[in-house]
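Which chain is which? They are A, B, C and D, in the order written, and residues in each are numbered from 1.
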Amino acid sequence: MHLFDKVTDYATAKSAFFDGMTLLFGGFGGVGTPPGLIDCLIDSGVKDVKLIGNDAGFPWIGIGKFVCLERATHLLASHIGSNPTAGDLMNQGKLHVEFSPQGILVERIRSGGVGLNGFLTELSKGTQLEYDKPKVNIGGKEYIYEAPVTGDVGIVYAKKADTFGNLIFDKTARNTNPYVAMASKVTIVEADEIVPMGALDPEEIVVPGIYVKYIVQSKGYNWKWVWETQDKQ
Amino acid sequence: MHLFDKVTDYATAKSAFFDGMTLLFGGFGGVGTPPGLIDCLIDSGVKDVKLIGNDAGFPWIGIGKFVCLERATHLLASHIGSNPTAGDLMNQGKLHVEFSPQGILVERIRSGGVGLNGFLTELSKGTQLEYDKPKVNIGGKEYIYEAPVTGDVGIVYAKKADTFGNLIFDKTARNTNPYVAMASKVTIVEADEIVPMGALDPEEIVVPGIYVKYIVQSKGYNWKWVWETQDKQ
Amino acid sequence: MGDTRQTIAKRAALEVKDGMVVNLGIGIPSMVPNFLGENMKVFFQAENGILGMGPTPKENAEGNLSNAAGLPVTILPGASYFDSAIAFGMIRRGCIDLSILGALQVNALGDLANWIVPGKRVPGVGGAMELAYGAKNLIAVMNHCDKDGQPKIVTQCSLPVTTYRCVQKIITEMAVFSIVDQQLYLDELMPGYTLADVKNNTEADFSFSTNFKAHD
Amino acid sequence: MGDTRQTIAKRAALEVKDGMVVNLGIGIPSMVPNFLGENMKVFFQAENGILGMGPTPKENAEGNLSNAAGLPVTILPGASYFDSAIAFGMIRRGCIDLSILGALQVNALGDLANWIVPGKRVPGVGGAMELAYGAKNLIAVMNHCDKDGQPKIVTQCSLPVTTYRCVQKIITEMAVFSIVDQQLYLDELMPGYTLADVKNNTEADFSFSTNFKAHD
């Protein structure tokens, strides 16, 4: 297989997961989280995982399914409101949760993904979300330092991938996925459709394939998963 | 005219320019710099302009035409090699030039454009391009602080704009244009083609129209301007 | 209760003007579009990556097209999709003309508390900090008192603050307040409520707006 | 002179392996693609926003499709366009397997000087700092001596440094050097040059690579 052909199977993808890894996951409330790779992550049996992503999903959707198995030790996210189990695990001391403002979190992932060393903002100044983050004084004004984050492994959902890993996304399923792809050492993409190199318009490609290590074919899932099941909550 | 209809004429665009303004311009070696808006800038007669963009263009192409008129006092750019007049003006003390690594410059524009307060990098550490930029110690390691930049006015070249200002670009003419659009108080777009709202695929839009103030129709120009005229140099 | 929320949303809708870009929080704010004038062109932004969100689809909802609460939506002509970094970039940059957010407490300085009730379920801050920080205009909409009848317009927030000095208007079922230069002003009484009702249920001190009006 | 540059480019082309992502500077590096093996799949990145750049078009060049030097190019199947921030993001992030850059001076520590000759025309740094900083592997290609016959492989750079400790290989018309752990090693002599030639024209001290070879 040529280095530029990154299409593989779930078994190979699974072998990229390991105990103690930092895992970045794309998605916003479950939309845009790769469902097949979540099942693959669960199957892999890995534990002590540090999770970084927008939220904790729902208990039965997205990263939430994995969170409920108590095999993650840390979660960096902007909210966990849609997954009460995550809140319970946090209160029981079984899951260490760090909250970040939503847009700051994705910028932290981007900062890691573009090889910068973090950024300054005044956004959370004086609030609980300052935590013990370093303060930096620039020109007499104090800012919060937000550190870059990167992942050992990143899981991404795309609408289409070519075999090199050039990606396009679907509507609001794009969300954090481009930056998860950039910021992870091993980026695994689950795509609804896999096409040959040259089949995507180079102008419409959102994430260049250079960031992608493995591509797997999505097995499909119930598109209406989020709202049709929200009543369960 | 509805607030969402931003198509206007060059006379209106011209009225946005003013003496002493900071002007962000899109383009990389002239490619992607809006030619009609450069002529409009020249016509406007404004002076004491602070320019921020990738380079100084060529003397007869892009921002270079304006630089040669000695009506800019400052230029923040990554190189001026293709415009010897810019070098002469710098050596004569008529143009203050600050150099930045190319990718750091576009990140500084982006930082302003997304409402952050600058970022840290080790990239230019120990080199002349550190200038007197603040150093920040994080976790025992020293980084350079790169400040955000914004523009009073930004000029952008797009392949297509809808009347709201949603933009798509053309090949390597994209370059810094998306961030110039985000980082300028008054963003003026010159588009090859202006289409109604709804005519662009929402998935292919690179810059949402929210950043755009004015749109003018490009009068066209010689596509082969750069290399067919490079022999003149 | 349902009616109260509708009343608040209807009043908040009067703050939405033609040509605005607006971000709505979940809860009461999400009801605001139901009360907008017919011929208004307004673009709603959703922080999960849409500018130009349309109404809830009657049928054929698409799984990957939802608002920030995960509920299915549609888009209008001229809409665009983008990633989360751009979504919040436009919020922090001040491109959102108006944000309408729910609130747990607001004080007279305009400090907003809406992200956590310590010891109870912790939802997390989501995009509230960015919206409160970046929106050109921020309106807090909420019931005038909490479930225990305690005032939510307070002298000092007892709950952790989301963002300081950010609220410019408060709309409840009883009254509309403005906050200007960290001073709280009563703008108007809502139908069915008296000045005494408002005074009795508002902990923070307030003055009267120069254009104070009791009812329409 | 032209031949010397071709010779250097041809030797540098041997460093490009199948499946690599490569960024080439202007000058000698831009000649490297002319010497690549027929069946190699290599993606060239241009920092103005292309991954998967193809050869110079024979006709019908497009005005908005150029390399970082502004010269017309084509693209290969699987290519993508992106903005400058992403272009440099992938460079700093270490996604470029190999960067081949021209150089004014390199010292034995691997410090690269290639952006400014003080007092002469000032081109500016362009993307050189990012490439030198971020590329997994950095090869400096240059004439062995400058126009005045002065060595360019020096003990200490007299010209302002672009990036410290970044060069891993130096290819000139006389020789190929490696720099490992801030030590300079002679890997091979180029055809037509003797060890004496190299010693006489190299200011920096060097050792011999374990696999040193005089000629093919």
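Everything that follows uses one rule, which is that contacts are C-beta pairs under 8 Å (C-beta built on N, C-alpha and C of every residue); 3 or more make two chains touch, one makes a residue touch a chain.
Only a predicted model underlies this, so the values are computations on that prediction, with no experimental measurement involved.
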{"item": "Chains touching both chain B and chain D, listed by label", "value": "A"}
{"item": "Geometric centre distance via CA averages, chain D-chain A, whole Å", "value": "36"}
{"item": "Inter-centroid spacing, chain D versus chain C (mean Cα positions, whole Å)", "value": "56"}
{"item": "Between chain C and chain A, distance of the C-alpha-averaged centres to the nearest whole Å", "value": "29"}
{"item": "Sites on chain C at which at least two other chains make contact", "value": "81-82, 85, 88-89, 91-92"}
{"item": "Two or more partner chains touched - positions in chain A", "value": "107, 114, 116, 169-171, 202-203"}
{"item": "Full enumeration of touching chain pairs", "value": "A-B, A-C, A-D, B-C, B-D"}
{"item": "Chain A-touching residues of chain C, taken from the complex the two chains share", "value": "46-50, 61-72, 81-85, 87-89, 91-92, 116, 121-130, 133, 160-164"}
{"item": "Complex interface listing, chain D residues touching chain A", "value": "18-19, 21, 41, 43, 45, 51-52, 75-82, 85-86, 88-95, 134"}
{"item": "In the complex with chain D, residue positions of chain A that touch it", "value": "2-4, 113-116, 162-164, 166, 182, 196-198, 200, 202-203, 205, 208-211"}
{"item": "Chain C partner contacts - residues on chain A that touch it in the complex", "value": "28-32, 54-55, 77-82, 84, 87, 90, 97, 99-104, 106-107, 110, 123-124, 126-129, 159, 169-179, 206, 222-227, 230"}
{"item": "Chain B partner contacts - residues on chain A that touch it in the complex", "value": "107, 111, 114, 116-122, 134, 136, 138, 143, 145, 147, 168-171, 202-204"}
